[in-house]
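The following pair of complexes shares a single chain, subunit A, combined with subunit B in the former and subunit C in the latter.
And then the complex of A and B:
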């Protein structure tokens, strides 16, 4: 079954218009026209006339959950989510950054999304590889079935085969490229700290200059701050102008978390966040 | 005028490396970038343009000023000397060459000269390189709007154009002429090739990137008039993540931070690129921040380039290279914003 992007776009427009007109929501977070068809943008519709600019095509990769925290509590928001994006919504609800009753979740079941910069298909290599949203109030299309189910962790194998020194050398080389534009943390739906630790002056946690020591401090700390929270949407890596494969580290930590606590971030609205929820039978592996 | 076969490029590169430091495009994991060349074979002219602009040849992302030691009663400090060799910046596109002239205003043209920028500029010979006029135009670029041709030689010391499997080189300044005369791996170009070169420059002016016919002062005035239209600015910035990609890849952004970075009593005072898109860029010591909102920061960026800069220095601080658009994680396009502003 091929995905009809046009059909999803029409449904997105219809629902957005209906919700805005009825006053159910005051903000619709979706995708809009960019400077050409292959470069759509995250888009905010605030009234019925904005809805005309909504688009949906294979380049609408953005995780709109990133924008939720910009609105004060009580703002009624409709948000278009693909599979990983819905996990981000759940995680943000868990962390009480947004509230379920303020949200209308418009789920988009989809596969075959493409990176607008490179044209490469986005799949389980760089994201969680799910096709259907985990949470939604309405589904703007048919649930996807029959597509290959590939573990999002398969991509880790060659890196896990490296020994400690090789792996450190690998990451050092990757981080040395970092220009500290902070696109990764800004594209991340879970990076909402204000201020981010790396921006603090007193105490200063890491150097601002783009050198090994500061780069390592920034990325390793960010990786650990996202332990048990990363939903594997792949936006950090997609945003990176120098192609650092940040998703690899996040996937590794996510799998450890899955193995130790039997839980993946944002997979169920009933869960409690892994770092908040203590259970007597929790794994002690982390202390060993 | 001289020429060389493209597949002999490494000989030309090796020759320049004997004379000093060569900075040229090389292919890296994520794309092309200008780097100091250590192996002449790495110079690669198959690029369209680099990720990071060549401004880093004069204004590196990180510049050490002073090294010091703390922990004693009187800290010891030593200035970091710039020991520059003659430098050759090879393969710069015409729009990027233009950006150097605009950056000169800030680093040496307003009374306070930046010695680091100035010394690097003085040490450097620029070898400009025309865009390929037979390649399709890239959607992000709009240097024509800023009055820059795809093969404009102005600002380069030597200008280069590709003709089939050959690279034609012509001196533009006396400095370029002197260098070109010394470059032994080159052969003389024919009269036909001279004509091709001149025609190419003219063809370059007709090469159509995105284009809006409007003069600098009209844009500046319009932006000034809609400064308080926060609906407009909120709308155009609604996708903005407020990261620093656009400013870091920009050939005309020049904001920097000066920080002391100390480890175990040994430290360096250095300048590092900063970005008006960062939340803490305007954070004051009191804790007050005059630009807390994303729309305020994006408005600042657009206005600085297209309004304040025109009012203060009479020129738009943008060369239409399209890097900010090309690398923006959410496809924000400064050209579209200015175009929309003109229609408000």
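And then the complex of A and C:
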């Protein structure tokens, strides 16, 4: 069964219109027309008349949870989420950046999304490999069943098998291309620090010019800040203008957290994120 | 001249730092390659300290804290344990030799153990040789 994007778009429009008309929410975060079919843009509908601009097609990959933190607390928001995006919503609720009661989560069960830059299909290699949203108030479309279940961590195998010097050379090559545009940070739903550690002057954590030392510091620390929080939406790597495979490192850290602490980010509204939590019986083996 | 590594020690005020003090007052010998920085708790350690230390030329980083359950602030080192475990994995995946970063629980009464750990860690770093991967070349 193929996904009917047109049908989802219609449902999205109807629901958005209903919510805005009834005044249940003041903004709807969804996708809108870009300069052509293949390049939709994040779109915020504020009145019932804006709803006509909403679109949904296979190129609507953006994680709209990114925009939740921009609104003052107490703003009633409806948000269109795909599987990974709903995990980001859960994670933001945990971090008290948004409150669950202010949100209307419109879940979109979907697969076969495409990268608008390359036209390639997005699957579990670059994202978390889920099809159905984890958290939703209403589902726009039928739940996806019968798609292949693939571990999102399979893609890591060749990199884990590398020798450490080889792996360092690989990452050095990748990070040296970084032009420090901070698109990864802007696209990430979990990167909301103001100011970001790399923008601080006192202490100055790393070089701000695109040189290898500062690039390494920026990326490694960013991976650390997202440990146990990264929801594996893959937006950072899609936003990257020089195609650094940031998702690989994020996946690796997520997998280690999963193995060490037994839970993944944003998979349940009850579990606390792993690094702000502890168990007395955590093993010392994790430090070896 | 033989290679003398620079090792950054980050020690918790209540256990490891006092333990180091005890090692000193009991006149135990340990290598002088360790430079100790005192922090109030092992959970005070920002992982960026460790990345930065490697960038600024440390050959190894040794973190000392209270034994789990003995933290002066009750739960500090339990958070630190999780956080530093992630730091270790990140260093490993980025290609750093895993032996260059170590976390040890040393209590205030374990002066002997402090000397032993430092001796052993320094030997280990000497075997690994100078750290060049993260170091910013001048």
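Of note:
FYI, the second predicted complex is superposed on the first by the 285 of 288 C-alpha atoms of A that agree within 3 Å, B and C clash if a C-alpha of one lies under 4 Å from a C-alpha of the other, contacts with A are read in each partner's own complex, and residues count from 1 in each chain.
Quick note on the criterion: contacts are C-beta pairs under 8 Å (C-beta built on N, C-alpha and C of every residue); 3 or more make two chains touch, one makes a residue touch a chain.
This structure is a prediction, so every number in the text was calculated from the model and none was measured.
In the superposition on chain A, A:273 contacts neither subunit B nor subunit C. When the two structures are aligned on the shared chain, A:210 is found in touch with subunit B, with no touch to subunit C.
Of the two partner chains, subunit B is the only one touched by A:181; subunit C is not. Within the superposed three-chain model, A:243 lies in touch with subunit B and out of touch with subunit C [touch as defined at top]. In the superposed model, A:112 makes contact with neither subunit B nor subunit C. Contacts of A:167 after superposition: subunit C is touched, whereas subunit B is not reached.
Of the two partner chains placed by superposition, only subunit B is touched by A:40; subunit C is not. Residues 213 of subunit A touch subunit B in one complex and subunit C in the other. Residues 32, 34-36, 39-44, 62, 66-67, 70, 116-117, 177, 179-183, 185-187, 194-195, 199, 207-211, 213-214, 235, 238-243 of subunit A touch subunit B in their complex. The touching residues of subunit A, counted against subunit C in their complex, run 159, 164-172, 197, 205-206, 213, 216-217, 220-221, 223-224, 227-228, 249, 252-253, 256-257, 260-261, 274-280, 282, 284, 286-287.
Within the complex, the subunit B residues that touch subunit A are 28-30, 51-52, 61-62, 139-140, 235, 238-239, 241-245, 248-249, 257, 259, 261, 263, 270, 272, 275, 278-280, 294, 325-327, 329-333, 335-336. Residues 47-48, 51-52, 55, 68-69, 75, 78-79, 81-90, 92-98, 103, 105, 133-134, 136 of subunit C are the ones touching subunit A in the complex.
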